[in-house]
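In this document, chain identifiers A, B, C, D and E correspond to the written order of the chains, with residue numbering beginning at 1 in each.
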Amino acid sequence: MSILLLWPVPLLMVALGLIGGNWYWHLPTLLGGVHWGLDGVAQRLLLAIGLVWLVSLLVGRARYQQPRLWPWLLLAQLASLLLPLALDLMSFYLAFVALGLSLYGVIRLCGGSRCSGVGRRYLVLMLVADGLVLEASLPLVAASHGQLLLAPLSAQLSQHPGAGLMLALGFALKAGALLGHGWLTALARRLPAPPLLLVSGLLLAAGLGGWLRLPGLIQGWAGLVIHILALLALLATVGGALNCRQRRPAQGWVVVSQVALLMVLMTSAPQSDPALRLTSAAWLITQQPLLWLLACLPAASGGRRLLWWLAALPWWALLPMLASGEPWLLLPTLLVSVAAAHAAAIGSPDDSLDRRQPARVLLVTMAVAVAGQLAIVTPWLATQRGLTHLLGVGALWWLLAITAAAMVHRYGPRQWPKPLPEGDWLKVLVPPLLVAWDHMLKALASLDQPPAITLGRRHWPRRLLAKAAQLESGLTGGVLASVALLLVLIALAIGWG
Amino acid sequence: MIRSDALLPILVMLPLSLALLLLLSGRWGRFLSLAGMVLTTALAALLLSHGGQPLHHAMGGWPAPLGIGLRADGLATLMVMMTALVCSAALIYGEYWFDGAKAEQGRQFRPLAWLLWAGVNALLLADDLFNLYVTLELLTLLAAGLAALMATQAALTAALRYLMVALIASTAFLLGVALLYGATGTLALELISIRVAANPQPVLVVAMALMVGGLALKAALFPLHGWLPPAHGGAAPPVSALLSALVVKASFYVVLRLWMGPLAPLTGGVGPVLGVLGGMAIVWGGWQALRQHNLKMVVAYSTVAQMGYLFLAFDLLQGAGYASALNGMVLQAVAHGLAKGAMFLAAGALVVAAGGYRVDQLQGMASRQPLAVTALAVAGISLAGMPPTAGFAGKWLLLQAAWLNGQWLWLAVMLAGSLLTASYLLKVVAVTFLPAPVAASVGCGQRLGGVALMLALLALLAGFAVMPMLQLLAPVATTGGWL
Amino acid sequence: MSDAALLLITVSCSLVGGIVIFLLPEQQRGWRTAINLGAALIKILCLLLIVGAVLNGQVLSVRLPFLPGADLVLRADAMSLLFAILSALLWLVTTIYAIGYLEGAPHRRRFFGFFSLCVTATMGIALAGNLITFFLFYELLTLTTYPLVVHRGTPKALAAGRRYLAYTLVGGVVLLTGVLWLQQLLGSVDFSHGGVVSVLADSHRPALVAIFALLIGGVAVKAAVVPLHGWLPEAMVAPAPVSALLHAVAVVKAGAFGVVRICYDVFGIEYAASLGVLQPLAVMAGVTILWGSLRALVQSDLKRRLAYSTISQASYIILGVALFGPLATIGGLVHLVHQGIMKITLFFCAGNYAETLGIHAIDQLDGVGQRMPLTTVAFTIGALGMIGVPATAGFVSKWYLGQGALAADMGWVLWLLLASSLLNAAYFLPLLHRAWFRVQRQPWPEEHIPRRPGRETSLLLLLPPLVTALSVVMAGLWAGAPFSPLVWAQLITALEYRP
Amino acid sequence: MTSALGYAIAGALLVAMGLAAMLLHHHLVRRLIAFNIMGGGVFLVLLGLAPGHGEQADPVAQALILTGIVVAVAATGLALALARRLHQAGGDVRLDHPSSREDDDDQK
Amino acid sequence: MRVVAHRLIVAGCTVVGLALVYAVVNVQGPAPDLALAVSGALAESGVSHPVTAVLLNFRAYDTLLEVAVMLVAPLVAAALPTTAPAPAKPTNDPVLQALAAVAVPLALLLAIYLLLIGASRSGGAFHAAAVLAGALVLLQLATGRSLPAWLTPTRQQPLLILGLALFCAVGWLSLLLGGYFLGYPPAWAGVMILVIESGLTLSLALALWRLMP
């Protein structure tokens, strides 16, 4: 009987999501004047969140029997119901914080003692995120003479780029994007699927909810910083996915890279039509549970893994990419799909032999696509956007091409060296480019003989020197890669400014 | 019928006559004493109701230069009222304290106490210089006699030491009177002040020094205070209450009376000397009280400290701060009288209950003797000058006077003094909160504590009656001279 | 009923109650409880009548002659009512709690007697109309709280009491000097909106700064500002209702209220700003906030951690005053009430743990959520309030303080608030974590009250924390409601900042 | 230098000597005798300064002296009674500690 | 150390002495108006001798207090619980007894003479009492008994306070009659003074004697 207690709210959410209709509710006494309303954004978010809840409850029926868990789940449900509906900052922030705290309870009670370390790290990040959002919203409210509605607040964002940056970071940290993904991947290893689905889905909704409610978030130099962060996050997550040897962690990284991809898309085309952005966000949120769901199936046969790969492909990204007219955005999407392929390819946790087949097919197609783009699009772009943009985009292509080449090699000879130790904390800090860089060097170096060095954690300065010694043979690749990196940064800075 | 100002002689003679009657009466002495007490206090209240304007009664019908007069201005009426309250409390306390083995001394104590009351009233109302000497002498002998009442060796030694010192002081005072009489040819105070103002001769300064020196000796001002702690500490509680609150206060009152009256023009030089001695008394008395182990000695040294306050105030009686200094002094005197009396009575009750004099024997008294401990605490608060007691009003006015006159040193000393007082009094009260170490202790009634508490509450209530009291003093303060 | 009578009854009903309790013999438990509750209810009733009068613009006041040139004035204006109502309500709750807490303890007569006197002093401080009355009740508060601190009678309690007296007496003397000095310059110093000091000529400016330092120094002792906070953690040795009353309502709040009175009604906030004294005050408050939180982190004893958190929280009020601007003032004033209800909740729960399970240290808290769920819920609400989680009272005041800081363009205060919120989280969340998510490892130290199926501890102990926890949430959620502390603070601020 | 002034000066000297004796001696009876000498000195001063006219001394001064004498007698009587009582109670007849005994010249 | 204290005290006293001499020497006393006032009012005082008039009429209040002072000493002596043995046995020394036989009756006669002469020439209660007390003491020393056996200490009490009681009675009487306290009606002044004086003589003598044993 008691599990039924948890069903009404998600059903209400889905119903609201489906029926729609925009009503508006203002309570003057509560929290100093509260405005709740159901508009387009709220409708889609509610639908997505409702689905996440339904899936999680369905899959995790057995796990949610323990009564200690219910108050936390109920609080999470109420918060996730309030979040989309909130039109004023106060109630939004209340839902935002309540969601974070209640999910901590879910993590600790479902994960048990295995999740205590991660739980603590999660809580710290949540508090920092809440603090950032609060600090950022204060000047905005002060600037708009104390009124709390979100819409006019986002209008203030243009004069307060600093506040905008902090807000963006706060939301991203909550959703596990922009380099804030450390805890999500760690959780992926320790938390059983249903609560994990719940946590990542809801928090993503919270983060994206913020982005959607405050469209003016990415303007001026803040936008640029976020964009760079998004790119770095993308590379890091993809690198991480490729580094995993077990299926479950790899799938976790893939899901995270999806979020990173969304960030890249959102920050790459600020002027793009917000509705488009909304649909892609909503779609991603709905896709999340599907991925986790499939991830938690038992050791899958080849077909099921292929199914997972298809599901994991970032279909939702296609539409905004084409509309934004930024063809180069295809590359990040492809990267994510590569990662998905890799994750799907891992059959059983220890067997890495038969993963070659589908991945290889995909990689070949990707290589061809890259070459085609280089040939056709670059001249077209040169005329369109002027030389600097061309240089920037060109450098970016070149870098990505090398990375792609490294990927291809990745699936080459079996004697691939021992990967970076998984899930260690420092790795998140090591810039993702270094990871790509490492792959690239190995690829170049090992073109003729097997590489002798490994990138262990503790002595990498000394190994860097050893690598330099080895470089004189593969000098060309290294120099070229670093030059490409610099060009990218300069071009973006100029092009964007 | 009876003259309107007959109240003054009655106030002096009624206690005297009662003392004589008590000497004769055997069994019903207790009832006579209580009835007399009520009557005298009522008369004192009647005098109080006369308000500020002064009453004058020429004894024997002879006008000023020839005969002796009795005068009661605001200052005197207040002191008479305070005396009435303290004496009543001490007498009632005496009824309970002198029971069983000490019944014999109790019967002797009663007439002597009444004589003391008469003597103090006579001194307060005296308007004649030689009469002041006689009343002072009466008080001295009575005080020595009462101090020696317990007839223990320590009490006798202390009484004799006190007597010796007091005799020297009286002789000095008499010498001063002689010189003044020689210089001015009259004994009535207001005539003297007129003649002194007429031609201030150098001899008057010597007379002044002698008289003030003698009185300071009697009032146990700092360097000359050696005799007070053993005398007041060793005596029976009602006796030490009377001594500390009244006898010592009486000599201060005479100095004040002379200071404002006849010797007003000469006070220039003496003021700072008294100020310095008073300041040192505050610090020394406080410091000693902090180090005492015997409860009654703590209270005795506190008397030395508080007298320091009163004499320090003499130095404030100048310039802009004159009026508030005078008000402050009088309030401080009245408050100290009530509070010190209550404190000695409470200390006596605690000593009886604890069966010992040492402070650390008082553990657990808060639960066994709540009334006595409360009395001790309230009296302590009044002495330390914490609001809402009258002590606070007195200190506030003295501080204000120091401020107006710009005497920052005295300000600091007074503040430090009140802190010191607070610390050593509350130290004693704190001990009573400790749990009682030994169960058995002589169980005695709360009556002793009750009487002490009544007096302590009077000190507290006086805090609220400050303004009417000051109205009484108004005529004295503003004119600055003798009415 | 004439306003003078009303005011006097408000202040004196607990005084009379206290005296009657002193006279009652120890075993008259029934009567004593009746008197206590009766006095509390009368006081609340009077206050409601006064609020009615004040709302329709009337300012009640009564003037009693006390000293030449300075007389006792009781005045009920908006600000005094804020503190008075807080004290009255919390006193009622604390009395109920104390009755439950001291079940069968010795010396209850003495305890409740001084308890009532203490509240009389607090009420006096709240309703004081001029500086001398404020000082009088301020000193009275010292005297009446001392017996409560040393109530247990153990040598440790006496040491704490002695230290408490040393601090507060010196504070009192410093305050007296300030009051006296101001009295000389200005004659009688009546509180009035916008301050009275500005009328003095400019030649007095350095003197006024010195006076401000003296007054604030004297009051800061009780408000436990950093250099003068030593007594507060020591006073934790007192029984729980005392530390609850001392920290949440009476002493610390009186100190903070003193600062508010001095800055607004004696100096006037504009004049104080022009004197340039607000900046150091803000720095002092900031230092206290951080220092209190940092010290709280390392405490292993539950009540000492709460004590240090009080030290830091009390300075929020001073910070609110020191940030020159209406928003910060609202923040400061409303925090005066919110901190009271939040802190009293925490202390009640700490008292429950100590009384029921004998828990004093923090590492004994493991798994207490199972054993005493309701108390731990109240504790959680209080703790979250302290951290400033939205929908609790704490968030409202931190929100307005943040706004005020921005309005006064003191950027560093914004980051200070963030840092202190995080620190609060750092020392409160582990407690919640232990209570809810840790399983009970060793048996409870001394289980006085066995676990009955329906109730985790005696009703008298359980009810007060729940009521105050509810009020924390209500003050947070319904901040906009007509009679909420926030609206009342806005009303006061409107008076303080003349257009 | 009328004869009255002579008496006054003699009185003053007597007072000084009496005071010295009273402070130096410790034996109670000696101190009482010294006190009486001082008293006598004071009365001489009083008489010397009194503004008597013609041969008869000022009656008020005489009355004062008479009263003074009676008071002195009363004080001495009380002191002696107390001293005797102290002696009976086994106490020493000197107020200070016994060490002051050896400097008394006519040691009994 | 003690020697230094001694020298200090002596030096102090000499300074006091010199100050007194200096003061005494240059006192400019005003005209003797008080003495004239006394002689002027002597007529209504009821006695002819100015000193007795001052003592018992003009400054009667002073004398009253002085008698009270005189009363304190015996009271305190009586109050102290004496643990002393019975008074020593009479020495029955022939010389003493012979002296007593001659001196005591003469002393009694002289006492009565002094009492009565007080009104006109110097004399009065105090002188008479002193002589009477001397006689009693002499009798005690010589014969071991001075007061009759029935006059036990408790019975002596009324006699002891007789003088002061009379004084107060007269004072109250004059006050109740609407006059000033101790304001003798001129006609009766002489008689009243005599009555008071005789009472005083007896009680003062007893008081002085009580101090002896």
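Please note the rule applied: a contact is a pair of C-beta atoms (placed from the backbone, for glycine too) under 8 Å apart; a residue touches a chain by one contact, two chains touch by 3 or more.
In this text, all values refer to a predicted model and were calculated from it rather than measured experimentally.
Chemist: Which chains does chain D share as contact partners with chain E?
Modeler: Output, common partners of chain D and chain E: B.
Chemist: Identify the chains adjacent to both chain A and chain E in the sense defined at the top.
Modeler: Touches both chain A and chain E: nothing.
Chemist: Can you identify which chains form the pair with the largest number of contacting C-beta pairs?
Modeler: B-E
Chemist: Which chain maximises the distance between its CA centroid and that of chain E?
Modeler: A
Chemist: Which one chain sits nearest the middle, judging by mean Cα positions?
Modeler: The most central chain, going by mean C-alpha position, is C.
Chemist: Using mean C-alpha positions as chain centres, tell me how far chain A is from chain D in Å, no decimals.
Modeler: About 112 Å separates the centre of chain A from that of chain D.
Chemist: Find the geometric centre of each of chain C and chain E from their Cα atoms only, then give the gap between the two centres in Å, rounded to an integer.
Modeler: The answer is 73 Å.
Chemist: Averaging over Cα atoms per chain, report the distance between chain C and chain D in Å.
Modeler: Taking the average C-alpha coordinate of chain C and of chain D, the gap between them is 69 Å.
Chemist: From the mean C-alpha coordinate of chain B to that of chain E, what's the distance rounded to whole Å?
Modeler: 30
Chemist: Please set out, as single numbers or ranges, the residues of chain E touching at least two other chains.
Modeler: 20, 23-24, 27, 29-32, 34, 38, 58-59, 62, 66, 69, 72-73, 76, 80 - these are the residues of chain E that touch more than one other chain.
Chemist: What are the residue numbers in chain C that touch two or more other chains?
Modeler: none
Chemist: Quick one: which residues in chain D touch 2 or more of the other chains?
Modeler: Each of 8, 15, 19, 45, 48-49, 51, 60, 67, 71, 74-75, 78, 82, 85, 89 in chain D touches at least two other chains.
Chemist: Spell out all pairs of chains that touch, sorted by label.
Modeler: According to the stated criterion, the contacting chain pairs are A-C, B-C, B-D, B-E, D-E.
Chemist: Chain B touches which residues of chain E in the complex?
Modeler: That would be residues 19-20, 22-24, 26-34, 37-38, 41, 57-62, 65-66, 68-69, 72-73, 75-76, 78-81, 157-158, 160-161, 164-165, 168, 171-172, 175-176, 178-184 of chain E.
Chemist: Can you list the chain B residues touching chain C in their complex?
Modeler: 324, 327, 366-367, 370, 374, 381, 386-388, 392-393, 396-397, 399-400, 403-404, 415, 418-419, 422-423, 426, 430, 433-435, 464, 466-467, 470
Chemist: Applying the document's contact rule, which stretches of chain C touch chain A when the two form their complex?
Modeler: Checking each residue of chain C against chain A gives 327, 389-391, 396, 399, 402-403, 406-407, 414-415, 418, 421-422, 425, 429, 436-437, 476-482, 486.
Chemist: If we count contacts the way the header does, which residues on chain B are in touch with chain E in the complex?
Modeler: That would be residues 1-3, 6, 9-10, 13, 16-17, 20, 23-24, 57-62, 65-68, 104-105, 108-109, 111-112, 115, 118-119, 122, 128, 130-131, 134-135, 137-138, 141-142, 144-145, 148-149, 151, 175, 179, 182-186, 195, 199, 201-203, 206-207 of chain B.
Chemist: Mind pulling up the chain E residues that touch chain D in the complex?
Modeler: 2, 6, 9-10, 12-14, 16-17, 20-21, 23-25, 27, 29-32, 34-36, 38-39, 50-51, 53-55, 58-59, 62-63, 66, 69-70, 72-74, 76-77, 80, 82-84, 122, 126, 208, 211
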